[in-house]
């Protein structure tokens, strides 16, 4: 039976790099991957890694798109890879689970765990509920510890304000350990 | 820095046994554990394992109890162990995170991931959002695959009906893999 | 395809308890487990846990016993569980790998990683080379950190001397973190 | 306390890409990494990833080089990253462990687990014995399962012959699952 994997990590933990590497591994074996990205991420219709590699996306999924149908309408994939999976709707995560369990297609979803206020994204929460395997991609805090939370800043000032999804360029993020986050932003 | 661990597993995966073993390991070293259990679990004021060992609980926490305060009011613990952690309130999970991050007390919380309709418990969702380490305790489905979901039955008939928390004895549970769950209960 | 799992841990990390719990989980589902123990472990022909549960062993394997043959000669097992797996010969670990890969029987082997001088046991090294999944059972050092090494003492004095396998009762062990081990015993 | 991590994977699992990503993460935070590579790997004095990024190595370590001394003689590193760690000598792995445990420098070593005959490299075996954390980087077999072994071919023919370390270009490798490996090469 195929499985649904959720590989989560804080901002800048290398999720897109990992996705591109896995795609490369499959294709090197002559296998076919299908790369999915939620439409809400307006940065780019590509998977962009910070170490300078990128990759075209096969399916841009609007929030209410029938993801299982979209994937099954494509030529058979040996693996579905999802970038920015936190932006999926819960129903789309259900679709990914069913693609694995009922249709036999392995799915690896990469995404953030929580927003700047430590709250899960709807897609992440559903992935945490359903994934057969939950794996962390680690990165470090400014203090050298493992980063687990994402702090938002606007104009250099850290803030808990604003929507869960912010317009790119108007805010910045820094991944932090729990202690640095609490010291910087307090605990609500 | 101390950490918050969430060790989740389907019904009957051995969570209470694991908790009792960890308590034993600490105490064998002359260290002190504090065992916490949410009050909502009315089965017993003890940790009960299915292989025949049990253990007295130190703190029974009502849903609105200030858990961080309760723990800090006890003699200093080297580790806090939480049984049935899915029944904690989200604010109590915040307390556990702060016990680890701000007070330096390691916390290991054992609990279910999802209910009989594949939905997370409030405590589990918050643990998935905040835990420094998310680890699975595995058990098997009737078909031999890893079980990831919990199916409820009443009088021998599987059902998606009923409250998230059911009165003990009136319902039964069977942990299942995704495929067996879908075949038994469909997908809503 | 079935897999070979190596679940390793320092002394007193709860390996036997975990084995007994897994056996219980399988049997509760009406499935059959086969419990194997190397003959070199003369403590007992049973799996003994320190929290007070125990379990009869099905197959006691002498060092040169053809383990794959012994297992296949038994009634078909849904899972093979190995206690004290560090005492297996490398050829017996090959047998376990082939039981999983060629015969379709999942195998979960529990054992120590290293001896009192930080050297792997022959069985452990081979398990580390071949296992599909390597998982740690954690326990703590006297200082509260995770224990990774096993220190031996004779009459209360820590020592690096003696054979890899010592006569039970004449030596004691304490699982330690790297720092406490080096401070206690130096580094050769 | 700092830790020694061993991140192992079959051929072409993306170990060098992962190393380069981690180096990037540290440097983005203004922290300093030190990249080490054993001299035995004659391919290049750089870390080369198959997705098109590379990275200069700071320390090329001959087999008998005193690695702990070499690292401590460099400006203080926030993390030591080791490429092709399977080629380290066991004594050099001891050095890495002591760098973590006694000198407080985290070390992440990336390497193969086993050679073309399923035997561990001396460096890998020692890393498996000592690492605080053993983590797998996964890749797939031609059949779609997870690859765990490395098959060697010469001129298109698979073989178990030859030295553990072969001259680059004269042999090829394919990472395989256990079943495909046994079907291709038998079991000795």
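Should a chain be cited, it is by its letter among A, B, C and D, assigned in written order, with residues numbered from 1 in that chain.
One rule holds in what follows: contacts are C-beta pairs under 8 Å (C-beta built on N, C-alpha and C of every residue); 3 or more make two chains touch, one makes a residue touch a chain.
Since we're looking at a predicted model, the values are computed, not measured.
K.L.:
Which other chains touch chain C while also touching chain D?
P.N.:
Output, common partners of chain C and chain D: nil, no chain qualifies.
K.L.:
Comparing centres built from CA atoms, which chain ends up most distant from chain D?
P.N.:
Using the mean of the C-alpha atoms as each chain's centre, the farthest one from chain D is B.
K.L.:
Which integer distance in Å separates the CA centroid of chain A from that of chain B?
P.N.:
26
K.L.:
If you average the Cα atoms of chain B and of chain D to get two centres, how far apart are those centres in Å?
P.N.:
Computed value for the inter-centroid distance: 38 Å.
K.L.:
What parts of chain D, by residue number, touch at least two of the other chains?
P.N.:
none
K.L.:
Treating touching as the only link between chains, describe the layout with one word: line, ring, star, complete or other.
P.N.:
ring
K.L.:
Mind listing the chain D positions that touch chain A in their complex?
P.N.:
12-14, 17-18, 20-22, 24-26, 28-31, 49-53, 78, 106, 139-142, 144
K.L.:
Which of the residues in chain D end up touching chain C in this complex?
P.N.:
Against chain C, the touching part of chain D is residues 1, 94, 97-98, 100-102, 113-114, 118-120, 125, 128-130, 132-134, 136, 145-146, 148, 177-179, 182, 187.
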